[in-house]
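We just call them A, B, C and D in the order they show up, numbering each chain from 1.
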Amino acid sequence: MYSFKSDYSEGCHPRILKTMVSSNLLQSDGYGLDIYSQEAIKILKQRLNYENIDIHFISGGTQTNLLAIATFLRAHEAVLATYEGHIYADECGSIEATGHKVVPVHSDNGKISAAMIEKALIDHSDPFDVKIKLIYISNVSEVGTIYTKKELQELRTCCDKNDLLLFMDGARLGSALTSTINDVSFIDLCHFFDAFYIGGTKNGALFGEALVIVKDDLKPDFRYAYKQRGAMLAKGRLLGIQFYELFKDKLYLDLANHANKMAMIIKEAFLKNNYRLLYDSYSNLQFPIIPNHLLSKFSEKYYFNIIKKVDDNNTAVRFVTSWATTEEIVKELVNDISLIK
Amino acid sequence: MYSFKSDYSEGCHPRILKTMVSSNLLQSDGYGLDIYSQEAIKILKQRLNYENIDIHFISGGTQTNLLAIATFLRAHEAVLATYEGHIYADECGSIEATGHKVVPVHSDNGKISAAMIEKALIDHSDPFDVKIKLIYISNVSEVGTIYTKKELQELRTCCDKNDLLLFMDGARLGSALTSTINDVSFIDLCHFFDAFYIGGTKNGALFGEALVIVKDDLKPDFRYAYKQRGAMLAKGRLLGIQFYELFKDKLYLDLANHANKMAMIIKEAFLKNNYRLLYDSYSNLQFPIIPNHLLSKFSEKYYFNIIKKVDDNNTAVRFVTSWATTEEIVKELVNDISLIK
Amino acid sequence: MYSFKSDYSEGCHPRILKTMVSSNLLQSDGYGLDIYSQEAIKILKQRLNYENIDIHFISGGTQTNLLAIATFLRAHEAVLATYEGHIYADECGSIEATGHKVVPVHSDNGKISAAMIEKALIDHSDPFDVKIKLIYISNVSEVGTIYTKKELQELRTCCDKNDLLLFMDGARLGSALTSTINDVSFIDLCHFFDAFYIGGTKNGALFGEALVIVKDDLKPDFRYAYKQRGAMLAKGRLLGIQFYELFKDKLYLDLANHANKMAMIIKEAFLKNNYRLLYDSYSNLQFPIIPNHLLSKFSEKYYFNIIKKVDDNNTAVRFVTSWATTEEIVKELVNDISLIK
Amino acid sequence: MYSFKSDYSEGCHPRILKTMVSSNLLQSDGYGLDIYSQEAIKILKQRLNYENIDIHFISGGTQTNLLAIATFLRAHEAVLATYEGHIYADECGSIEATGHKVVPVHSDNGKISAAMIEKALIDHSDPFDVKIKLIYISNVSEVGTIYTKKELQELRTCCDKNDLLLFMDGARLGSALTSTINDVSFIDLCHFFDAFYIGGTKNGALFGEALVIVKDDLKPDFRYAYKQRGAMLAKGRLLGIQFYELFKDKLYLDLANHANKMAMIIKEAFLKNNYRLLYDSYSNLQFPIIPNHLLSKFSEKYYFNIIKKVDDNNTAVRFVTSWATTEEIVKELVNDISLIK
């Protein structure tokens, strides 16, 4: 059995482990003040081509989202997200647990548009509604779509006009930036977002995300928030080592590129065999619609996620590839797609 | 320069890294449902000689404390801790950030007694005060002292009588259990505490603590809380592997025992050279009082913590040993203690 | 200009003011421990025909909702409400501000059914979703509908089966209980709900709601929560006096009955003149649909709420009556309804 | 039996009730947007001689404190207060319930000095401590003392220097401003504080405090916070009427002045009869120390508060006077003080 359920089924890229082993007995400062973390921050600033940012390494995505949002907002402010948004649908009310409402909006393609924000602001315009202050987007979105440069620019303009914060969940940022239809690059990010995170856990790290704070107002005191929410790792070096290894050369993008390639091969195989797709994704998430009577045949050899019943006879599922997905297993799956009838 | 500032300056025991490397590319379920975590839980139940407990692995101590306490308490309930208590003094208001007041009590030796609890309950007896519900102790305490079996039994009796929860922060539990003056063992713990955690970060793990929930009422739904506070690691296997390695044999206690031995050698050296001690510790934390004019000489070769000025001429400091502290460096320090005049 | 915008445009029933004046200089205990409050509680228990309940008087509806819900739930638990539910739509994220997510469900008629609960539980079944624990209903609902005894019984059965709490917002409970289509009475309430509140503010009081806690588990320590959220009035007598006056005889129901009667006259006038209604309400809230070109004519003489555009030519509005709405003004409105063309 | 336990044992000044009666059936806007509230705000700005402030009326002191502090602070920021501070000792952890730690400091006289702030900042200087951001003082303090102009100026200077917010709990502000040793006036207040509240509940109102926000940064969106914490009264007119009546002429100060006078007569009687005082108060709170064997004699005729045992034979108690304390009862008490032996 092989699992296509997630992009975090394996450990990490071997190079990371190697550095962890070689540096294991060196003493270093705790709490992210070590030299590995400092070096990783330096390199990330170069990749982002932006000096005036603060970078903090955090163990996981939910923690990064809640820590950033709870720290950036005043007590009465709320967040706008899609119904599929990870913070709305998949993080167990973590944002609300910090006191902030997440206002959901419907989206056909998992993405928020400037028009959707404008409408939500009209719908929430007095103190009996909440005060919407932060726009949360995921890129890659939860349904596999990615934002274009033009869309991000429109979001930025809309947020500036309405005094809103724009935040990106980049759990799968690598996949977005290496997608064949992508026109956004690392050096654009600090110009579009007030804050965002670069996901490590789903792209080659053991664990860890790099939160980037661009807007000056949001920077002060973040280490207090970081400690207060239990997010400050004693051996912060662990996170530093990982981001150093992923970003000292092209490894991060290479790993994501591989995952995308594997996903596109699977996508094409489904299309060639006349399967429909729930979403037209060019990322490492693929959403084929499978006739119910074939589901069990696929399940004999592969793990994948059931997304939803499309109609009485068909079910949409999700296949996820990663840096660790081998060409061999993808070939085997492609073969099975053409055989299973 | 060698650092005696903390017990988390190095990485982890090499055996842990070895297993991480060897299992790195095996696929496993996420979120603590993997086989390593399951196996680690099984072994821990054996060590604790108690089957009817829930065990959750969490990345760090502050996170474990806040997650447990916030989940166990109703909204209006409060915690009792010493002024030195880690949650009161060193975790940036993390408990208060979840809505619960930490009521501090004075303690001469860093430990809470049943009498102190009874007095605090009298002082907090109506709805204008808070409702004290959970007693937080650390063993080893923050000043290096450890609880005796008799003291724990008295705390248990007091908590039963007053319908209170008894919680132990075991960040340095290994050091407590292997202290030469200790009479408590693993198999006692589930009989004394409603919940406690076994610290990994400060005793050989890369990171991670094992929260043990004994009281049945506190068990349901913990995984919801775990996810909601951002504490659920995607690759939970990392935590499982570490606790499996630490507890599959005597490694955990061996590492703590080594740290204690190193600490006792240092303690004796200070005593032999007529230094006083701020606290009489039999753990891996030592608190010598150093004449101010000698401080800089020690600082030339070693990092350590300044605790407080004892008087105009003397300063109490803290030396911390760990599983990674070598006999060589301790010998050197002992030598320096006798030389520095 | 006369306002039909709300049922709290005037002060209170004169009898309440009279008792406030006559008792003004008597000394009494604070914080709800006064004799007026105690007497009001005694009377309410008689009206509800239920002795084993706790009753607390609270200044307003939003405060009552947030105080009850935040106190009843554990930190990770969530609430189910309709999209129109007052706590979801009109209280500025007050429940989320206490850390609990409100999960919204669609409802055609403003009411939650057992089937809707069952579906929501299926949709929220693991720790990545939230844990739904409390069902929030309003009776009268926000769209003017009321629950039948059968519907409430089904909700109770569903909640028992799924270990859920059932809570009723009774801001307009008087109007529900005196509606011509109602079959529920005061003595039913404690058998259906784990807790509910009897609204005073919108039915003759200056301000104040009576929270009734039926389920034993939810009762302990409520006064702590009450104080902690700032809801405990120093001069609790004010609340006691009001509920004493409203419930020592039939005044509470008489006032609601009057409001309903006035509303039904208005409803019939609209129907007779071939207006459609957005909701078929038998409460003091009426939702006529008015052609856009007539809106300004109504607005010249009356204040009312715009609810939503029904289509390009028509707008649904809301007229609210109260204990203070006079027959004269209703006659005038009825006349205008037939004249405005 | 007569009660000297609190300054909120009676209702309100009759003039307030009269206006409530006369305006009872007039329709008005809800939520503080009514003409009474608007007029009261206008008058208060005149009394304070400061135009650029926001004023919000809130039902009680605990609610005002928690609402202001929770709204002004970012999530990780903390408050400094004395151990006697109302928010630390008497409000059931209300500030902590909003997520903020209250750091207590020792004070001999119930007042905070600039030096105490400076020391606390040194003691809390990194992210393992909390970030102190707001200084909470009460004037009259909880032990009956009042701040001089010079002391307030020093606090202001210290807060400016350290980027701190200065907040005053003015539950008994009337008593402070009319104390015989006072040199502060209404028109000074907006120059010293970033925000403060003028207490109504303890000085002639039925209930209600007027929160004054001076610092521009703290003003935006307060009505959101106000609604979200359940503090927005539907019939806000009630609060407006009270502050209008108290401030349209000198009534507020006259009432406080009367309370102080009554208190000073009591104080002098105790002193003349050779009683010691726990605190030397020139406010409406008096703290005589009574030999234990006389306690029961006083208790036969009067209610008062037990504060603490001073030694084995003596107990400090608290007598509180108010606007409603009559000269007759004070005369009687004075007589008893000289008789009880």
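As a working rule, a residue touches a chain if its C-beta (ideal position, glycine included) is under 8 Å from a C-beta of that chain, and two chains touch if they have at least 3 such contacts.
Since we're looking at a predicted model, the values are computed, not measured.
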From chain B, which chain is the farthest off, judged by mean CA positions?
-> C
Looking at A-D and A-B, which one has the bigger number of contacting C-beta pairs?
-> A-B
Taking each chain's mean CA coordinate, chain A and chain C are separated, in whole Å, by 42
Approximate Å spacing (C-alpha centroids) for the pair chain A, chain B | 34
Inter-centroid spacing, chain D versus chain A (mean Cα positions, whole Å) = 50
Among the residues of chain D, which are close enough to touch at least two other chains?
-> 75-76, 91-93, 97-99, 127-128, 130-131, 224, 227-228, 232
What residues on chain C touch chain D, complex-wise?
-> 2-3, 6, 8-12, 14, 17, 20-21, 23-30, 59-67, 91-94, 97, 201-202, 206-207, 224, 227-235, 237-238, 324
Of all residues in chain A, which touch chain D in the complex?
-> 70-71, 73-77, 98-99, 127-128, 130-131, 221, 223-228, 232
Spell out the residues on chain D that touch chain B in their complex, using ranges where they run on.
-> 75-76, 78, 89-93, 96-102, 127-131
